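Step one of this worksheet: look at the structure below.
When the chains are written out, they are named A, B, C, D, E, F and G in that same order, and each has its own residue count from 1.
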Amino acid sequence: MRSQLVLRVIAKLLIPFMLLFALYVQFHGDFGPGGGFQAGVITAAAVIFYGLIYGLPAARRLVPDRFVESMIAGGVLLYGGVGVAGMLLGGNFLDYFVLAADPVHGQHRGILLVELGVLITVAGVMLKIFYVFAGRGRDPGGA
Amino acid sequence: MFTVAAIALLVTLALALLRGLLGPTVFDRAQVANTVGTIAVMLLAVFGFLFGRPEFLDLAIIYGLLNVIGTIAVLKFFRYGDLGEPGDGEAGR
Amino acid sequence: MLKSASLAFFLFVFWLLLSGIYEPFLIGAGVFSSVLVVWIARRMELVDAEGHPAHLGWGALTYWPWLIREIVVSALAVTRIILDPKLPISPTLVRFRPRQKTTVGLVTHANSITLTPGTISMEVAPGEFLVHALTREGAQAAADSEMDRRVERFEAGR
Amino acid sequence: MISEHLPILQVVLPLLAAPLIVLFRHATLAWLLAAAASWCSFVIAVLLFFTVPAGGAFDYALGSWAAPWGIGYRIDSASAYVLVLVSLIASVVVTYARTSIAAEVDRDSHYLFYAMFVLCLGGLLGIAATNDAFNLFVFLEISSLSSYVLIAIGRNRRALHAAFQYLIMGTIGATFYVIGVGLLYLMTGTLNMADMAERLAQVGETRPVLSALAFITVGLSLKIALFPLHFWLPNAYASAPSVVSAFLAGTATKVSVYVLMRFLFSVFGARLSLDALHLFDVLVGLSIAATVAASLVALFQDDLKRMLAYSSVAQVGYITLGIALNNADGLTAAVIHLFNHGITKVALFMLVGGIVLRMGTTRFSDMAGLARRMPFTAFGFVVAGLSLIGVPASAGFVTKWYLVMAALERAHWWLAALVVATSLISALYVWRFVEMAYLREPAGEVRRAEAPLSLLIPAWIMVLACTYFGLETSYSLTGAQEAAAALVRGFR
Amino acid sequence: MSFASHYSYWATIVLMVLGLYILIARGNLIKKLVGLSIFQTSVYLLYIAPGKLIGGTAPIIAEQFRIYSNPLPHVLILTAIVVGVATLALGLALVVRIYEAYGSIEEDEIIDRDRKAGQDA
Amino acid sequence: MSPQAAILAALVLPVAGAAGILLARRRPNLREAVTLSCAAALFGCVLLLLPVVLAGGRPAVTLFQLLPGINFAFRVEPLGMLFALVASGLWIVNSLYSIGYMRANREHGQTRFYACFALALACTMGIAFASNLLTLFLFYEMLTLVTYPLVTHHQDDEARRGGRTYMIYLLGSSMALLLVAIISTWLGTGNVEFTPGGLLGNEFTNGEIGLLLALFVFGIGKAAVMPFHRWLPAAMVAPTPVSALLHAVAVVKAGVFTVLKVIVYVFGVERIAGLSSVDWLPFVAGFTIIAASVVALRSDNLKRRLAYSTISQLSYVVLAAAILAPLSVIGAALHIAAHAAGKITLFFAAGAIYTAAHKTQVSELDGIGRRMPLTMTAFAIGAISMIGLPPAAGFISKWYMLQGAVSGAHWNAVAVIALSTLLNAAYFLPIVYRAFFAKSAAGEAVHGEAPPLMVAALCITAAATVLLFFFPDVPLALARLMMAD
Amino acid sequence: MTMLIDVLSWICLAGGGLFCMVGAAGMLRMPDFYTRMHAASVIETLGVGLLLAGLMLQAGLTLVTVKLLVIGLLVMFASPTASHALARAAMVRGVEPLLERGEGASKP
């Protein structure tokens, strides 16, 4: 307890702002590509930071294992789903312009959803990695 | 001018890496990793100006965050051989 | 609950500062994000006096400029040592009793020590600090310091 | 119209099946999904193969951004050929996988196996379909990363180290490739391979272009396990679950060869790539070394899978030899050997999977009397082995024929003789199997224990394909000839 | 090619060689992965390098998408980083499992143990 | 049934037969019934084609594209017709004999034996009807593979050793030489179709043609031209019905058939007649005839003597073809049939002796003719045919060969034929003499004829040998048609 | 005015670079792990601070400045935390500090 003092306080301070920064990057992603990836990295980093300071069980309570795997799969599906939706609406795969009546609007919506998929997947993958390494030897089922 | 700063940072980087090669303890290397991370953040910021890429700043922030967490994770790993330990049980080790 | 609202407010301000684009969609997203983050933070049990020391208020504003001055001075001192061919160092460990009562105060003090070149806090506990200093003088200055008093004042929110 | 979206559906279907499988986490459902994705891919590939215009290509722009800004997909005869090969093998292998992995992979990991399988398939198909050099890198890594998992997924601990070695070598290879692409990007300002080719023609033989060529060639040579960069392959194939060995042996190196040919002939152009750097001599030398050395090493292996793996290294030598000869027959040989060796090796590894299931071993010394225990498996192995040797009426023969023709056309009599001579070495190691399986008395009591039909039927489909495509070459050969022509013609 | 204007190429080459050296010289699997990561890092530097090489043609720039600062290198580096991280993570996961299976992460010891197991069998 | 269907049926029937044999493996009687009925059906199919071919028809079927310009295709011409007739006809007799032999000797693995035998016939039909070199080559190689289990039937070390020699010689020669010859032909002419009058135009020089001929003749290891003859004695480890298959029905016949076909339909008799570069062939063939005869003369083992006799007789065909006179080529074609009938009789007899008396050496045969009169009479007829005396089929073919040699003024060939006839007499007549006129050794076991099926079979072939002398019309017609094509 | 800002910013950038290099030189010169940490902290404080200040002067009152400020805050909060953790970890794992002879507090 006493040994973690500095880390714990700093973590408490930083984590909410990290999460918000992640969402900021996500929502401003369409003004520069790659937002979802960075947002995912930061989101996962915040949770990992939490896990490092407060322990793996706390992190697992917050984001359970099964949920992490579903995140990976769901994110990819969201990405692909947007692509397929573009196709179903008469454009090409990943065609955003057809996602709304107004092409520019449609494009924003498409990129936002796609980046959201990326965020979820990347965060899921990073958490999965963290769980695998952090949980090694203690909980064989987790790896 | 940004170029001068960039070169100064690269020199710093090289010197720090040299210390990393010399070691001798694992903590020296961890310190080097941390410093290199800081330099990388600054390099990203300076490059952002040098090449007119303001979005590098976002990258720099992200890199800075990851650098701290990475350092802590490495330390934790070396202390406990495990990342998942809630730090309370330190006395026993 | 009040703390949550306050945290949400700070987060939203942070958003506005970062964003710089003030259109309805993004502002709405900012509100949404702030609330979402507060919700997560509550689940993480982060929202308390340690995690959201909003009560400190103006204390921070007076403490920080002083700290920056302190950092510059000691950084120059360390620079001089590094550039001195004789490398006049006298590394010293010093143990002393800090005056802070709260964790936020202790952590602020400890981090301030570390942030100041020439000193590193190695052990941080209520009532006991262990500090490594590059020079004997630095160690004495840390043990009985202006910083201790200032953090105490800052901790009290003054 | 669905038909105009076939190029992207080809890639996206398996890629989307992977997360679905992870989401459901159910072994049987996973198998069904993987099988459905593979079979659909095969149908799509066949449709593309038969509809791709002769001398032309299907272009598809991702997100309707026209090249060079968006990522473009381009299916010409060459890519369609590779797509058919990969998806054919995948759909046979996935059918086979269910029983096979039950024996070699823990049940908890089955869903992971299928997810990685379709991911790998999607990556391989993407490599063939994309027209963007960097996108190709991404697909290369998707397929590689999933194949590392696939190799390590079994219970054999050697597979872990083998997968690690493969990961190191594969990553070095991919990084070399992407460095080469980066140089090309700096030179031409585009990642679209068609534009790249056009602009490279203007740039000519400058040092950055040549170093890009060198980086790409070396990187891909690692991926295709060209001698002497092959040493990761035998370990990986020998210790992976049989179904993984079968799948990777038939597809992964083949697709990398396709990429190499794409760059050498379509992007750089044969004039630059083969003549300027004296790549001919180097490639011929390495190909000969590969066929001779690896065949000899295969001859002395004590493990059936390892023998097959070394034989793969040797067979890659034939492909690169065809590339080096750089005439119509040589390229045809190279392309058709992708197919012929692909189906042959798949058949062999699938049969070995049955042996592993029933005998629990792949050591040569344990194969004594195999023909009595597993007559259909043993006989299938011999028939597919004939194709490996290149006996007439087998798929392998067609390759050898064209290689010999190509060598003779270039007046390299000694090369033609060498091709025949190395075939004799492969005859020897197939013969070793025959002698063990048919002529040695088994130790102990012999119980008839043939592999289950769910393994035997897919394996025998491939075995029969080895013979069928040796007898009836109109599709495989015409396809290969058109593919070779498309590679040389490039993007015009 | 002056040194100063092409420092990113030189850095690329230095990192490449350094990474490959570590990769080859070290038998420790973790160190190999470190070498591999350094080696991969060289790619990022290469793609950061702006402008064009001497003798190259002018880059193709999209007229209609000028509102975006040329986003391509950014995306490429990010993608390369993703790939690098994924590779590293997978490599580490393999090392963990190798350690569990062999009790060592030194390559020669692993090979040695495999050989012994092969003789026993 | 249309001729095309008959061709396909001839190819598929034996394969289906093999499948049926495997299915009926638990019931030997049914299994043997399948073999016999399949053999009869095959012979029927081939007979269906005969009138078509005699009437000048050349039925053809194309199945696959092996390589662009080379199809997996069949075309029935007179020489192939003759070969198919001989092989399919003898299969029936051989099956009868096999049933007797295998049962009497309680051989193991009979199912495998009959199945492989049927497959060998399928390959033989493929060789006979192949319309181009590559198709022929495929069946030629497959024949080697499917006869391998027959050669190593006993599955002991000796059998394996023999089998290995068999494989190495046959596969090695065909891969290293025959295939090269085919590829060279393709490279030179862009064509590998068997063409009446030969397909070589003027693409090859005199020297190249000589080289090409050498590649073909030595590459066709089944023709057992020295020094590629060692496999044939090595294969003597097999049971007698297999020897009959090898020597009479399929394997060596496939070899000389291919040589003949290549000379007639690839080189073209007229195209290469008089070329200096092909002069060596009669000498090699002649040497083989004489040398093999000498070895036969010195062999005490009956089957070994027969084996060397085969080597010698095969080279008659090669020699006759190499003379390149039309009459001698006709003789060569006839000799395929004549030697088949005669040699199968001899092997049947040898097998009958082994089955009834368990004897394998010539020196043990004193007086055996009195205990096995039918067998030894048939043997005598076969021997007469080998020597080339009337009233046996061998006389006719030798007559044509001699006529050709004389008309072409090939006095060397005449001399070789004459000398070899003497040698043949020298190693066959003593056997006949011992069997009928020598006193059997004391303490000789009492035995009679071999089982009736075997005796019936060898009587049939002996009768056929004689009948071919009196009624050589069909073979002769086919051989003439071949030259007239 | 812009001229003045430019000059100021250049001074900051050059100074920042200089302090970074000095810190790195210190990392090489210092005799043990703990003293090297002191040298490194020169980089993280004056080096980083001056560089950021120089950049901020260039950027003016824009979003970029805010982001630079965020970077600065991050370094302010995070780097001492990391340094502290590092020093403590080294101490716990028994890395002996090189102390001036005759001096030093009682070891924990």
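Everything that follows uses one rule, which is that a residue touches a chain if its C-beta (ideal position, glycine included) is under 8 Å from a C-beta of that chain, and two chains touch if they have at least 3 such contacts.
Since we're looking at a predicted model, the values are computed, not measured.
*Asks:* Where the contacts of subunit A and subunit D overlap, which chains show up?
*Replies:* Touches both subunit A and subunit D: E.
*Asks:* If I rank B-E and A-B by number of C-beta contact pairs, which comes first?
*Replies:* Output for the comparison: A-B.
*Asks:* Need the most distant chain from subunit D, centre defined as the mean of C-alpha atoms.
*Replies:* C
*Asks:* Farthest from subunit B in C-alpha centre terms, which chain would that be?
*Replies:* When every chain centre is compared against subunit B, the largest gap points to F.
*Asks:* Approximately how many whole Å separate the CA-defined centres of subunit A and subunit G?
*Replies:* 32
*Asks:* How many angstrom between the C-alpha centroids of subunit D and subunit B?
*Replies:* 42
*Asks:* With chain centres taken as the means of their Cα atoms, state the distance from subunit D to subunit F in Å.
*Replies:* Between these chains, centre-to-centre, one finds 45 Å.
*Asks:* So what's the Cα centroid distance for subunit A and subunit E, whole Å?
*Replies:* Roughly 24 Å, centre to centre.
*Asks:* Send over the residues of subunit E in touch with two or more other chains.
*Replies:* Correct list: 69, 74, 86.
*Asks:* Listing for subunit C: what residues touch at least two other chains?
*Replies:* Where subunit C meets two or more other chains at a single residue, that happens at 18, 110-111, 121, 124.
*Asks:* Hunt down the residues of subunit G that sit against at least two other chains at once, touch-wise.
*Replies:* 23, 25, 37, 63, 67, 70, 77-79, 81, 83-85, 88
*Asks:* Dump the list of chain pairs that touch, please.
*Replies:* Contacting pairs: A-B, A-C, A-D, A-E, A-G, B-E, B-G, C-G, D-E, D-F.
*Asks:* Would you tell me which residues of subunit D are touching subunit F in their complex?
*Replies:* 391-393, 398, 401, 404-405, 408, 420, 423-424, 427, 439, 470-474, 477-478, 481
*Asks:* Under the definition above, what is the set of subunit F residues touching subunit D in their complex?
*Replies:* Answer in residue numbers: 63-68, 72, 134, 137-138, 141-142, 152, 155, 160, 171, 175-176, 179-180, 183, 187.
*Asks:* Give every residue of subunit B touching subunit E within the complex, in rising order.
*Replies:* 10, 47, 51-53, 55
*Asks:* Using the touch definition up top, name the residues of subunit B that touch subunit A in the complex.
*Replies:* Spelled out, the residues of subunit B in touch with subunit A are 55, 58-59, 61-62, 65-66, 69, 72-73, 76, 82-88, 90.
*Asks:* For subunit D, which residues count as touching subunit E in their complex?
*Replies:* Answer in residue numbers: 68-69, 134, 137-138, 141, 145, 148-149, 152, 157-158, 160-161, 163-164, 167-168, 171-172, 174-175, 178-179, 182-183, 185-191, 195, 199, 202-203, 206-208.
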